[in-house]
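Worksheet: one structure, shown below.
By written order: A, B and C. Residues from 1 in each chain.
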Amino acid sequence: MQQITIDPITRLEGHGKIEIFLNDEGNVVNTYFQIPELRGFERFCIGRPVEEMPLLTNRICGVCPEAHHMAAAKAVDAVYHVDPPAPAKKLRELLYSAFYCTDHTTHFYALGGPDFIMGPDAPVAERNILGVIHKVGLEVGGKVIQMRKYGHSVVEIIGGRKVHPCTSIPGGLTKGITEEQRKQIEEMGRFAIEFAQFSLKAFNDIVLGNKQYVDLILGDIYTHHTYYMGLVDENNKVNFYNGKVRVVDPDGKELVKYEPKDYADHIAEHVEPWTYLKFPYLKKVGWKGLVDGKDSGIYMATPLSRLNASDGMATPLAQAEYEKFYKTLGGKPVHQRLAIHWARLIELLYAAERWIELATDPEITSPNFHTIPTEKPTEGVGIVEAPRGTLTHHYWTDERGVVTKVNLIVGTTNNYAPITMSIKKAADSLIKNGKVNEGLLNMVEMAFRAYDPCFGCATHSLPGQMPLEVTIHGADGGKVDVLKQYC
Amino acid sequence: MSKPKFAMYWAASCGGCEISVLNIHEKILEVDAAFDVVFWPVAMDAKYKDVEAMQDGEITLCLFNGGMRNDENEHIAKLLRQKSKILVAFGSCACEGCIPGLANFSSLGEMVDTAFTTLTTDNPTNLRPQPSYTVPEGVLHIPTLNPFVKTLDQVVDVDYYMPGCPPEPHQIAAVVDLVIAALNGKAELPPKGATIGAGNSTVCEECPRKRNVKSIKVFNRIQMIQADPELCLLEQGIPCNGPATRSGCNARCPIAGAQCIGCYGPAEGVVDYGARLVSAFASVIDSEKPDEIDKILDGLVDPAGQFYRFNLAGSLLRASKAAQKG
Amino acid sequence: MTDTPETKPFEPVIIGFTCNWCSYRAADMAGTARMKYAPNVRLIRLMCSGRLDPTFVFKAFAGGADAVLISGCHPGDCHYATQNYKAMRRFYLMKRVLAQLGIESGRLKLLWASAAEGAIFAKEINSFVEQVRALGPLHWNTNSPEILDKTVKEEVIA
């Protein structure tokens, strides 16, 4: 049996590796996607005062600490059975909306966009943000930096710091904002809306206007029929910060809509001994292995999932884009993984609109940003949508509010099975008779990259590809061929 | 003439250090102009084999973040030490272990058991991940976890330390300026072993809150009081690590109303950060009666976590007895 | 019968921090009066128990001590007025921190002894040594090669 090792994968928070096994004819028999890291948050948070959880869980991910901070904030509120005052909730959601804009921006422009803007067959050296800038204009690079700057500014104003915010405590926040800060935030939000619209237009002109790309998006290689999960508000519209978790089946029918506190009735995590990460699946459907279909409990969480699982967007500009999206792609639900990039931009627009809604809310500068808890702490669940998927934090404490148990199901974790399946399908489709070429490398990347695996950020001088080294071993273990790709 | 080579690597890290480097915004282009970026897994394509093929010391500057959690982390640390002229322990994980170092309170077995027996984990045969596992098609490998987290300098020789979780962008920008100036002969690098990109005092010096004589009769959990926004947090009984924590962050957290949790590491001259805080906190407790002292201390529900939150792996004791037993 | 290496009783290594004005003089007094007491405590003299930096205690344990003794003037009698109260508060807080790290509270002792209390000092040392002997060696070995290089490699057939 021949074995292809791809190590390390990059643009994943932490590290990952892929093993592809070929039979004697040179066709793919199986693919394994391994996560080689474990840090143990569920263990070492035990014994800590529960109000530290929004600070400790920040460090699960430095790209999306805001997501963990908010899930933790809601969980500690639940632990203390305290409802923060409305201004605190609005401030948290405002921070969160600005964060979404930053995060989705950096992923699209530096990671996902180049595949389309430059084309999957473009020279490796051009398939990056620099190539994008040359093609679309120097102005674009400046706008991307500006969007990131603004997003992090808002996080700092409300959250205290740019990375690893510190202001959420049980019952609300440690501070509010002044009118002057509110004005700054509003001004930055108006830029965000323009920038989101610009990004959608760029996608429309460059990607949707190009038949080759449209074929790629609609093609079978990147299509999987799975369940879809996302947080929705009381009108079943997408909401990143609050709501119930809704899951729809591959035909788009609602399977379940659950309250955060009931998540354990619906989600279980399958274990394999060759990886440190577990595979979440829907309990009621069951674990049937890494396969598609209505009978398989595998579900996807991502911007596309959120759009599939909802009945629409809660803001007008984003709603119009949502309708256009489904009209173009032939109805709901959409199963093509590359469409995640488009869905991500629709969410960028929604986040920007929500940013303005909250920044202009009359309560947003209220000095009433904290309610002191009065009940004894026990147990609580907090769920938000991380950019990569539904994020669940569950804490148990003793009567002093010291953590005794923790359960976390993290955004990208939801997608561990779908990503593995996407990689396998790309490998299956492209590796025939032992021939591995450059095309494989990029196509495998595109399958992986669409999910925006936890580490979604990049630099301006980002070359177009993940580093991949594909080593083909003969059946005797000797090296037959080595293909490298790098800038 | 070719540009000096630059590398940045993440071991057991969260990615926050990488994001903080990006938050120097336009300045990243100066880095790009002054250096040849040869290895930065988050951002570009070079692989371990490319580093292995380099000459010893070929990389002029390597920013190494993340802690030593498994054997792969240690292997890459040794590799990059060999290939780099200047190796900087970048960020709290590399300098002192940071939050993942809290795992050093438990044994490795406890940590893995907890992760694989959570409420939602479906694990009927009680499997645990194996460093080497045979599947029908062949053998799969994953790194082996260390018994406890180590700091970068517990594994290799380190030239400079840049503290912070993460280091603040204005500090990173200052260090970038310094290194570029030094490479052009316009400035001197500090002596080896120095802490760079941070201040020489404590967070208290940067904190604008009013300070009086502290005499604590009760420790308060931050959510249980309406804290005075102008007054020192420790004085209000909120456990704040400012007194022993290195300055350089501009006291962002106390300014935002949250206690300093110590992410910038030990202040200048501190041998053991936790011990320093034991001394500081004990000194300001307002009681001379053992029973009363005990009662006041009951308000600190997790003293070891409070005092060693970022620092356990880099402390004198390093890990609990349970972690040592394995 | 002579003790073989296997049956030799464990001899605790104890570091004792004493203050110059009271407790160190108590130790002196015990010595000049030729009172016999266990030799396990290595004394380190500080000017005052309030000088006791918790760093010293942690370093002692990290460096191989099985126990640590802190000794000073009786509350109210401190040569420097109230500094022994600082030692007292640090002691209580240190105990809690060390307990979380797995160092039993029986390994850290606070003893007040005036310069005239040589006999009490000797008695307390003897009982502390037996207390620690019963607890056994601490073996704080985060720096030992066996711990540092410990790896577990197993091949499991699917």
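Note that in this section a residue touches a chain if its C-beta (ideal position, glycine included) is under 8 Å from a C-beta of that chain, and two chains touch if they have at least 3 such contacts.
For clarity, every value in this text was computed on a predicted model and none was experimentally measured.
Chain-level centrality, scored on Cα centres against the all-protein Cα centre, points to B.
Chain centre most remote from that of subunit C: A (centre = mean of CA atoms). A straight line joining the Cα centres of subunit B and subunit C is 31 Å long.
Averaged C-alpha coordinates put the centre of subunit A at 25 Å from the centre of subunit B.
Subunit A and subunit C have centres, each the mean of its CA atoms, that are 53 Å apart. Within subunit A, the positions touching two or more other chains are listed as 47, 273. Among all residues of subunit C, those that touch two or more other chains are 100, 156. Residue numbers of subunit B whose C-beta contacts span two or more other chains: 105, 130, 133, 135-136, 302, 305. Of all residues in subunit B, only 10, 12-20, 22-23, 25-26, 28-29, 32, 37, 40-50, 69-70, 72, 98-100, 102-103, 105-106, 110-112, 114-116, 118-123, 127-130, 133, 135-138, 140, 142-143, 145, 165-166, 169, 221-227, 229, 252-253, 255-258, 261, 263, 301-302, 305 touch subunit A in the complex they form. The residues of subunit B lying in touch with subunit C in their complex are 71, 105, 130-136, 139, 144, 147-148, 271-272, 274-276, 278-279, 281-283, 285, 287-288, 290, 293-294, 297, 300, 302-305, 307, 315-322, 324, 326.
Subunit A makes touch with subunit B in their complex at residues 1, 3, 8, 10-11, 13-15, 19, 21, 29-30, 32, 34-40, 42-49, 51-52, 55-56, 59-63, 65, 80, 145, 148-149, 152, 156, 159-164, 166-167, 169-171, 173-175, 263-264, 267-276, 278, 280, 287, 370, 372-373, 394, 400-402, 405, 407, 409, 454-455, 457-463, 465-469, 484-487. Partner subunit B is touched in their complex by these residues of subunit C: 53-55, 57-59, 61-62, 75, 82, 85-86, 88-90, 92-94, 96-97, 100-103, 138, 140-142, 147, 150-158.
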